[in-house]
Amino acid sequence: MKKKAAILGVTGAVGQEFVVSLKDHPWFEVTQIAASERSAGKKYLDAIRDPNTGISAWQVRGEIPDYIKEMTVISVDEIKVDELDLIFSSIESGAARDIEERFAKDVPVISTSSAFRYEEDVPILIPGINDEHADLIDVQRKNRNWKGFVAPLPNCTTTGLAITMKPLYEEYGAKKVLMTSMQAISGAGRTPGVSAIDVTDNILPYIPNEEGKVKKETRKILGKLKDGKIEPADIKVSCTCTRVPVIDGHTESVFVETSKPIDPASAKKSYEEYSKKISVNGLPSAPSFYYAVHEDPNRPQPRIEREVNDGMTTTIGRLEKEELFDHGIKYMLFSHNKKMGSAKGAVLLAEMLYKKGKI
Amino acid sequence: MKKKAAILGVTGAVGQEFVVSLKDHPWFEVTQIAASERSAGKKYLDAIRDPNTGISAWQVRGEIPDYIKEMTVISVDEIKVDELDLIFSSIESGAARDIEERFAKDVPVISTSSAFRYEEDVPILIPGINDEHADLIDVQRKNRNWKGFVAPLPNCTTTGLAITMKPLYEEYGAKKVLMTSMQAISGAGRTPGVSAIDVTDNILPYIPNEEGKVKKETRKILGKLKDGKIEPADIKVSCTCTRVPVIDGHTESVFVETSKPIDPASAKKSYEEYSKKISVNGLPSAPSFYYAVHEDPNRPQPRIEREVNDGMTTTIGRLEKEELFDHGIKYMLFSHNKKMGSAKGAVLLAEMLYKKGKI
Amino acid sequence: MKKKAAILGVTGAVGQEFVVSLKDHPWFEVTQIAASERSAGKKYLDAIRDPNTGISAWQVRGEIPDYIKEMTVISVDEIKVDELDLIFSSIESGAARDIEERFAKDVPVISTSSAFRYEEDVPILIPGINDEHADLIDVQRKNRNWKGFVAPLPNCTTTGLAITMKPLYEEYGAKKVLMTSMQAISGAGRTPGVSAIDVTDNILPYIPNEEGKVKKETRKILGKLKDGKIEPADIKVSCTCTRVPVIDGHTESVFVETSKPIDPASAKKSYEEYSKKISVNGLPSAPSFYYAVHEDPNRPQPRIEREVNDGMTTTIGRLEKEELFDHGIKYMLFSHNKKMGSAKGAVLLAEMLYKKGKI
Amino acid sequence: MKKKAAILGVTGAVGQEFVVSLKDHPWFEVTQIAASERSAGKKYLDAIRDPNTGISAWQVRGEIPDYIKEMTVISVDEIKVDELDLIFSSIESGAARDIEERFAKDVPVISTSSAFRYEEDVPILIPGINDEHADLIDVQRKNRNWKGFVAPLPNCTTTGLAITMKPLYEEYGAKKVLMTSMQAISGAGRTPGVSAIDVTDNILPYIPNEEGKVKKETRKILGKLKDGKIEPADIKVSCTCTRVPVIDGHTESVFVETSKPIDPASAKKSYEEYSKKISVNGLPSAPSFYYAVHEDPNRPQPRIEREVNDGMTTTIGRLEKEELFDHGIKYMLFSHNKKMGSAKGAVLLAEMLYKKGKI
């Protein structure tokens, strides 16, 4: 029997991705869907439609899956938590604080919001990268006297950096990371999102609050869980985050200083070995290969990479020795902000936690 | 009486910018214009037109200046060098080797090509930044027994980096520079240039040969001329150069390690002081301010900055302390690849050399 | 002595264009500027800045003119109408109804909103096209017992169509017009405007209410003023209006059935003759040529045409005989939605009315 | 046993689409692949790679199918025609004249080029629209004494127009059609294709030779085969073809005058009925619905429609009564230029001809 799941914020951009990611899921079944009061009481097909114009706000590639079309959207207050095994939440961070806490008392909440990320007893989880941090969930439950828990994903810009840094940090002892991101417009959502008049033929050199999140989260994700606490990784991260006229998928240019010698060939080998042994291999939402490393210097390209394994593979290219440091490497990465960096990554996280018996 | 100038490659993208930059110039007068055999013998207005379709290849904003419309394009072999005081060359680097050498025997050649940039007795000049390297021209003349000389501009991606590094290098002792560029499509020319199918909604992570040029040229430009040679600056440069869907103007994200303490306020002050005392102030093609430093984190933006001072100002924003290094700073810069980084920068260079009596 | 003018909605996109269009104006002087309560009491430089982030909302090419920087923004209620000779209003159509009426009682109001366009005693004016409709203003004044009046511009999509139809209608008796527009994203404003996620690599096939306006307004503008009423032109207009990923400037593909024989050569001649004798020639904001007709089939192109005469020229290209009709012609037109189709067109209108003694 | 097929021009943009469209095909098997001399003798994986840079020219979404990777590319001269049942040709029109003729003597050639489209004994076929024209193939064979034949697709801009006109023409007697296209950049290929510098933030108002093709081909496709000849449809077609910054999929705005009364509801019903009974239903490459008609005025949008049924569905929206004519209708259509309008449409055509026993 499948685990019963609810989606909170089901009409929004991330909520729509949850709808698609959970279609025909072998383990999870969507039994309740919630959105704002305005949508409550409507069938999904109607809730996603503008009441005045009849225009659909569905924006995920492909049609709305049949399973959700006739399901009735309820308000968050109408959620019957006792009929649920887990909740996927894409509520925006402000409101998430209260709502996610309310539900986490009873049931696991997998969240894409930043509301709980920086709490001491809350791990920021990337499935395949820091699964062992999942044990912090037990501390969280005990601390807060919750039956459920909150398990947030990182910011979508952190995702690609942390995933690609993991093997380097473990094997070569990464000390310093300097990153410049070129982020997709879909990362800013749709209402209001980025105005076309602002980003067409342009680069926006600043994304509020983004850089601080990337620095903090990367250190936490790569840190060690010890005595019920996460000791942040001993790695210095600096970054500049920009918005570019690309629809989906974040690209990042990374320079790394390592403690030990490293070169493109050894780094490639590390990624390939990690890919083979990555914990999530075989999970329903996992890609057939976790890392893709290209020698063709023309990769990664967002328009190509976003199609690979439905956006669940992280792509690395332009691997070169970084001569500025005693030991170091530079590369470019691509990570899909709507897939591995968001809803489908959250589903993969739920799968990992389910396998671990946390759900 | 004005100095008589020729433009080589006058129908190409850079050649067109020369045409505009030299319109109504107070010191220089275009008296000869040359292009390929195919164009020779035609009036400019006809030469710029596709013979089959009648379509104009003019692509600079605004109309073709009247002064050039009826001028007859000649072939390079028809150039009467004895009737010239200087030559502006936008010939592509392969052909430039022979052609520029041929003319430099008699007359100063200001070039946008890379053909001579890495010769020991050839300076790479950015007016306002390393004017003193112009003295290497005398060595060049003597070495080669030339009456004229070749004075090349740097690659357009180097331009912004070297201009913004200059005050940092002089005042704070820049040691390491890590740069990621987001370059405009106009930097690749038009025939063939970048295909729309390749760059729309995309990032191209690689520009052949670009990174090597930036590293080499930055060190040479910031170096010291001593005993008839340029000793490259003691600065380590690393960079990753990418192409983004932006029409004009290169953006660069820069991280710098300095020898001495630096912070955003001191850096801003340095730029502003340099701006005031910059050697080119008052020259006909110089901007009213050489550096623009913004505290608004939403600057620089290519669509805004490219309009400032007709693309001759270099813009700096996002100045922040770089905590990864003992001393350091990070920033983003904008430099117009078609203006300061190309033809109009070359005209400004000619003005500087004229003032110095080299032309 | 210059006429004293106020700008209403001075911080918005159209308001900013008014600021630029009235800079150093020989006849009009901006003495009062008004915006929403939120901006009232601040200097323009501060009012245009987001109070939280400090980010400037200035989006017109080039810097904010000095004359306005330190001027204090007031609320609409604080406008001292007795110290004004005219008002430029870019208030959105909902609020414009009341506000424009209030001021029109005392002073001429030139408006870009649709609030009064369809009233019987209100002309929709395009300077150079239907100047004689300005006499309806006298009827309006009398009817309403106003000292001032309201004079609205048409919708920016109507502007290009009506301008290019005028000579055809007068000389060849246009009977049917079928138009497809490809409109710029700046036509939708900025807050919220068109989302980048919606229009990048896409076409939006529908713009709410646009097509009805174009049909109605074109007929009114080309109509005859007789006995104090405008009799709409006897011309059938159909159109489909779309949004395309172009920043500034509307392009329209037009098919016309005429009563009399017409061919590209005769049409071109008509446009050129109109251009020479157009009533606005010589006015401060008028272009050096009102119509530009190209034989190069690659014109009009928005990126080129928007630079011509600061967006005040209407461009026509692809003129071909339309064989589907007994007599007919087809063409493409470009009209700048932010310049001739908006604020600067409104300033030109004020100039025309001033010359006529209406202001 | 599957029919043995060759692909000519297998490394080009259309050739790549053939490779994908024929993957795991139930009836056809790719046994020979040919390209230019430069590629001959190489495995596909190597042939698609630039010999100098190692960069792959593969540009279709998704990876290169395994079945083709190791297959050896041969030159056109090396094709063994006696081991083939049919040929798919994407050779450019100039060379296609000779090459397609040479092979058509022995084997059916399905072509995307225009080389033979306007010959009297060559039908222009759109599967589902004018299948009965396939009988002209017998005339062609007899006339030319060929064992095979040439069966070309129309131009990709004709495809959408002819498909959407078919039910209107049959049921309402379409008399006049006025169309404006907004065509995708992928329609121009990649080498050289459309330069990004030309089309970004722009519209190109002219596509050489396109409009003439659309007019001629639409009339031929909708015509009647009688006495071994196609009598063109009695329909007047006018069009203006433009290029817009959209990657894939052509959008067209259409105005139609009909002989009989028509309204949106009746037109929609016609399309839906045609969809149900369309001849290609059930063929391997046919879409699950041939026409999609939307009442939501925000459809069709290229970014959405191109995903529907892998680009094989033609989408219609904005259906409205056209009041300019006694009877008439207007609408917008979307047709995927790389799928139904090109290689995959050609595979569907081959399927239809196979069912008819022509292959």
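Which chain is which? They are A, B, C and D, in the order written, and residues in each are numbered from 1.
One rule holds for everything that comes next: a residue touches a chain if its C-beta (ideal position, glycine included) is under 8 Å from a C-beta of that chain, and two chains touch if they have at least 3 such contacts.
Source: prediction; values computed, not measured.
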Between the pairs B-D and C-D, the one where more C-beta pairs touch: C-D
Farthest-lying chain, centroid of Cα atoms versus that of chain C: A
Chain centre separation (chain C, chain D; CA means) in Å: 42
Chain centre separation (chain A, chain D; CA means) in Å: 40
Mean-CA-position distance for chain D and chain B (Å): 47
Multi-chain contact residues (two or more partners), chain B: 53, 200-201, 245, 247, 297-298
Chain B partner contacts - residues on chain A that touch it in the complex: 176, 178, 180, 182, 201-206, 236-238, 240, 242, 244-247, 251, 253, 255, 297-303, 317-318, 322-324, 330, 332
Interface residues, chain D side, partner chain B - complex: 53, 59, 185-186, 188, 190-201, 208, 245, 247
Chain C partner contacts - residues on chain B that touch it in the complex: 53-56, 61-63, 200-201, 295-298, 307-308
